[in-house]
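Chains here go by letter, A, B, C and D, matching the order in which they are written, and residues are numbered from 1 within each.
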Amino acid sequence: MDCIITIDINTSAVKIAAYDLAGRLMAFRKGSFSILYPQADHSEQDPEQVFITVLFVLKDLVREQILPSNHNIISIVFSASMHSVLPIDSRGNPLGNAIIWADNRAKNEADFIKKSANANSIYENTGTPIHAMSPLAKIAWIKNIQPERFRKTSKFISIKEYIIYQFTNQYVIDYSMASATGLFNIKEKRWEQDSLDISELKTTQFSDYVSVFNADLKLKPGLAKSLQLPKNTKIIIGSTDGCLATLGSGVFGEGQATISISHTGAVRVAGKKVIKDKENRFFNYILDEETYISGGPTNNAGVVLEWFASSFRNHPSIVDFEDAVEDLFKEATLVKSGSNGLLFLPYLLGERAPIWNSNARGSYFGINIKHQPKHFLRATIEGIIFEIYSIGKILEMYRKIDKLYLTGKYASLPICAGIIADVFGKQVIVSDEAENVNKGAALLGMIDAGVFKNLEEAAKSITVKNVYEPVAENNDTYQKLFDIFQRLTNKLSEEFEMIEKLQ
Amino acid sequence: MNYFSLTKGKSEEISSWPHVFEFSKMKIQSVKADSFLMEENQGVTFMYVLDGKYYWTIENQTFTVFPNDLVVVFPGQLFGSLTGTFEVGTFVSLRLDVDFQDQSELRLGDWSNITESERRLISQIISQKDQSIIPNFKLFGELASKIESEIFANEVGYKTKINNLLDDIWICTARQMSKNENQGRIFPQTFHRLDQMLRENLSHPWTVEEMAATIGLGTTTFTEKVKAFSGFPPLNYLINLRISEAIRLLKNSDRSLTDIALDTGFYSSQHFSTTFKKLTGYTPGHFRKNN
Amino acid sequence: MDCIITIDINTSAVKIAAYDLAGRLMAFRKGSFSILYPQADHSEQDPEQVFITVLFVLKDLVREQILPSNHNIISIVFSASMHSVLPIDSRGNPLGNAIIWADNRAKNEADFIKKSANANSIYENTGTPIHAMSPLAKIAWIKNIQPERFRKTSKFISIKEYIIYQFTNQYVIDYSMASATGLFNIKEKRWEQDSLDISELKTTQFSDYVSVFNADLKLKPGLAKSLQLPKNTKIIIGSTDGCLATLGSGVFGEGQATISISHTGAVRVAGKKVIKDKENRFFNYILDEETYISGGPTNNAGVVLEWFASSFRNHPSIVDFEDAVEDLFKEATLVKSGSNGLLFLPYLLGERAPIWNSNARGSYFGINIKHQPKHFLRATIEGIIFEIYSIGKILEMYRKIDKLYLTGKYASLPICAGIIADVFGKQVIVSDEAENVNKGAALLGMIDAGVFKNLEEAAKSITVKNVYEPVAENNDTYQKLFDIFQRLTNKLSEEFEMIEKLQ
Amino acid sequence: MNYFSLTKGKSEEISSWPHVFEFSKMKIQSVKADSFLMEENQGVTFMYVLDGKYYWTIENQTFTVFPNDLVVVFPGQLFGSLTGTFEVGTFVSLRLDVDFQDQSELRLGDWSNITESERRLISQIISQKDQSIIPNFKLFGELASKIESEIFANEVGYKTKINNLLDDIWICTARQMSKNENQGRIFPQTFHRLDQMLRENLSHPWTVEEMAATIGLGTTTFTEKVKAFSGFPPLNYLINLRISEAIRLLKNSDRSLTDIALDTGFYSSQHFSTTFKKLTGYTPGHFRKNN
């Protein structure tokens, strides 16, 4: 039987999943690598470790799961996180580590670009909010702070391009990934001159851009042999994790939105037009020639839960994270909606959408003598979801949203799903897929294989597992708390800046 | 209990170990003014409380020290009591002539038997941690009283024995700091620390037992947790790191394959070559040429 | 040898201590009773349980410690917490439980009085801030809400008066206690007509007021016999815990202030004149004919630490509070001054001085991803001390303060003493006395016995145990944090009110 | 394992205990729509999970229930699953016809052997606590399987035995709730709860063992802690409360001395009188006259 292999390279792991042509998950394996924090505000990936990890995991999956079951691999589809920047020299060797989305070193460059005369037109043309996360700002940082490295750079590529180069010896970038660089014109689908001018870049310093369906790449024969892959395995370039998670959760049409809560979070919608926000709060990324994925990302989602589980609480010994989280979610159900009036602002890592303020900081507010650890726990979960809601609420100014689709490892846990339904006051749908990103990539492969005509048809194949209806009474409580949540967020920007200086 | 105060230059009893500045067990029965003023610390000082409760200040931070707690003070740190006095109680103090360059590299001296790569590991654990106090560290008390009896008994081999006990103090202190640091953390954080340590000591001949001990877990639990979290057994994960570094060196340096193999912790270029090929499909030499 | 017995009746325990005429502590014993919380905002004491506890503890102390050591008891001096109200009928029987200082039921009555035309003159004349704690407001509440109980009441007395009545069959109140009722004119030393008018009270509904040195009371013979006390034991009425803690910590002169941190906290100064604060934030209580104790109380002191130890943290089993606190203070020393920019507002129980806002609520502010439990712990202690400082800072507008004297079980712990020195930037002195209140009462007894000429001489007999000098660098950090502390407190009053409604 | 579902009126097996509405052990192998809709609970329901993971909702609050967890649902509470179905797994369900007036007074019925004063104590513990879920309560599983074997074995005395096991369920549930409630609290809070319970059940013949058990401590530790905290051994503290209440009754009521003695937990007016005099210097009669 034929099968499709999907490779998703995210912030800390590579996840490889194989699907048959009916879209059924057949094999799954993951391998972690480390995020490196060489200094404050810096977050990096070691490109060689990422590559070795991809090889290792793929080799094991093929040898131990695919070959024994006599499946025939017809294609490999790639996905990866957005916004990484890896400078390489003319021989294709990395100049240092890749700078990833979470890296905040280019704060000043982002501020500078934001204040420039064509900031608005750059945002509108490229679809990427101007922020330290954006390769646009990161490359400017390299130019300013590491001129020698900048000078040596032959191309600025992403981790995904680097891995594909290792597989194929070719430099290509898909529209989705390109549209997350801040350097790509999403309307005319070409590199954006205004962006290039900021760091005096030439288009030759980037890979060639292609559609997410592009399958012209050729797998290196040596690698095919070592990995025991058929020589004619198609390499489909694929898209980004954000776009594919949206597709893989079944969201494509009017009235639908995805809510993603994993390490970070996001609210996303798919549409034929970009969202034009005067305050430049939303991204608009290309999925295919006529589809944009629009929305807003938050820094403070699962990572804050992980902080709560590991740092806020004292544990008697080293704790398995999964166990800790299981216990936490159980404990959180012991508290009523609204955490007895304890409110949490989750800005532990500064914030992107909708406030785009790197100095924002977290806060527990409204503490009284009766609040216990379980109230802090539930307030933390609710605060994370309020932040998601604050994005969703503004998105609703541009798009009708009736139903919410969940993706990411935390969102679809029953307690989160229930709170999301109650906070938004909308129906929440959990799909049957464990790995939405890989599934989204598989859908691209299935379209390529002729299983579906187009994305719309592919998205409709995702099946519903659970539906959560909002409880009116809880929605009422949450609306009142959210009002305070917003007031505090708006009111405290000066104090955020003052306290940030003391940290 | 016997109390004593031995100081280098003054006390014959410790003259065989010129790297020991001071070794004392003191019982304070009444508070004396100016008996413990804030001063810049010379060498590395270990203070271990046997009885009483002390408020000691290191670099502007005051610690409450209870029985069985150890305080470690590094060269150049301001150390003393804000009240200028020792409170009533009993404690052991051991001060060693040790160089700790930039608070990062520990230089013990010829007397020590600790191997080069282990010394670097210990340096690193000690310099990474912001732990001036190690609570409930009874093992230190045991080591100190062994040193005490060796000094006063002078049995066969006591000179060596004491140096070995001093080595033990460094080893156990590093282990305890590492354990404390990882206590109560969730595994991803612990793993991240291990990852850092592996990266910075790739050439060290790591065993699974050693990795597990470094973060205070048993070998079986450790292996399970690493596998569940990273997808790889510990040694495979280590090989990932070694091959990644080797690729970097192959691409960016002119070093010989043997040097690269040893630098990245492979015990021979043969071993390096086989492992490398199995994973990438190329021998290191071939890989370098192709690139 | 002669000795003096001191009886201090505080919120949850009676502490009885005996001193010889050189002021040395000879015997100490305490017995707890419960604070009753029949409903939200209500805090009460059972007068019979308080009485029985006093008897039990006193009897044991005399029988087991005083008699065997052949000491001769010459006098008993009383002290108690302020602000309690116990309505009694014409036969001297309590009409229900005593309402204590912490009780907040009379919020509305306090607000009403505060808005009345002569609120300012009442505050100035009586020395007691108009607040739910004040007997003035509590009696108004009884009149409004429990008219039947009000009608039956023959006298409104305090717990201290009730106990003294049990010992002597006489109704007397000392100037200190009277001056904490909001019904006593502290300048002219008589019941204040404006206050009486609010609830249409007559002076006969109160005990006779006397000096704190008054020793005219006669011990009931039956009780003397059952307690094995000499028949001629003098009963000295004594003063309040606030006044006596100040005296007992050695504070009497210019430039001195006491900081008390036990369950609640306070900053107090002694002086010959009252403090006239336009915003009515400070109390002025009478100690003796020419001495006033002035200052401000905070609700959120030790009780917040206790909350942190018991409710904020999860414990594996029932924990001894002393052990928990010992561990906490040890852990707090592991964090640098300023808690890495984590800030705590301690208003878990609303607040009295200086903001006098019952709706205020607690908050942790400035949380980032690196903050751990130990930072929350230290921030909690620092927040409590910032609140104390916010009182002290305003007091300094009226009085020069050079040295701070500590009292209460938490203040004199080295970590608190150090933080207090650093936050205030002033020298901090810890006396040799474990029980400042009882010691203050003993000083009154010693003056009565002719050991000292007057209060000033008596106060000077207190000896210094430890002195803490401020560290300039830490003071600098704390000043910056305190700036944010004050901004948040002022800025958030609307949000305090909004969230309070959801609790 | 055997699975069964016994319902009052339908199943002969439980007809001897008309106060049992339902007793079942169910294995759910596939999810069925509308198998567990939200409904108002009749009687008191105990649901104990043996296998699987359930998301059950009581009064708008959803609980995650793991194996060995017990869920207790009181009369009138809305109970069910928001998805309307039982997830895959195994659980025991026991539903009793029990009156729980205003969620405060538990009325069991003639079948129960629990004494009046203990019933009030149990009522109080159960009504005070906001505990719908009791995690890790294996003892319940043991009691349930004892009931199961008695029902199906019909050995001599099984009718009584089952009623006694039902009593046991109430007693153990109350104990466990009380323990959970005090778990992890600092002693002053625990003491405050005990104080409340003593006050509201002064006439109950409290023993130290019982007081200790109520808050989940051993007798020796309990006595030490009470003494350290309150200054009194537990029984003396109880006497304080009894005498205080007696004084109140002497002053404010016309009740006979014997009635007052019994109401406040003294076993005779003689005992009351002696204790009272020792402390206050007066007999109760004298005290009343004087007042």
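Keep this in mind: contacts are C-beta pairs under 8 Å (C-beta built on N, C-alpha and C of every residue); 3 or more make two chains touch, one makes a residue touch a chain.
What you see is a predicted model, and the numbers here were worked out from it, not measured in a lab.
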Practice task
Mind listing the touching groups among the other chains when subunit A isn't counted?
Solution key: one piece
Problem - Farthest chain relative to subunit C (centres taken as mean CA coordinates) - result: A
Problem - subunit A-subunit D separation of Cα centroids, rounded to whole Å - result: 50
Problem - Whole-Å separation of chain centres (CA-atom averages), subunit A against subunit C - result: 56
Completion exercise
Per the C-alpha means, the centres of subunit C and subunit D lie apart by a whole-Å value of 39
Completion exercise
Check: subunit B positions touching at least 2 other chains come out as none
Fill in the blank from the handout: Residues in subunit C with touches to at least two other chains are numbered 314, 316
Fill in the blank from the handout: Among line, ring, star, complete and other, the chain touch graph is other
Fill in the blank from the handout: Pairs of chains in contact here are A-B, A-C, A-D, B-C, C-D
Completion exercise
Interface with subunit D, subunit C side, in the complex: residues 13, 29-35, 46, 48-49, 51-53, 55-57, 59, 91-94, 222-223, 225-227, 306, 309-310, 314-321, 324
Exercise for the section: Give every residue of subunit A touching subunit D within the complex, in rising order. Expected result: 329-330, 333-334, 336-337, 414-415, 418, 466, 468-469, 471, 473-474
Practice task
Spell out the part of subunit D that touches subunit A in their complex, as residue ranges.
Solution key: 55, 60-64, 66, 82-83, 133, 135
Completion exercise
Given the complex, residues on subunit C that touch subunit A span 303-304, 307, 311-314, 316, 338, 340-341, 343, 348-349, 361-373, 376, 477, 480-481, 483-484, 487-488, 491-492, 494-496, 498-500, 502-503
Fill in the blank from the handout: subunit B residues touching subunit A in their complex are 182-192, 195-196, 215-217, 225, 228-232, 236, 240-241, 243-245, 247-248, 251-252, 279-282, 291
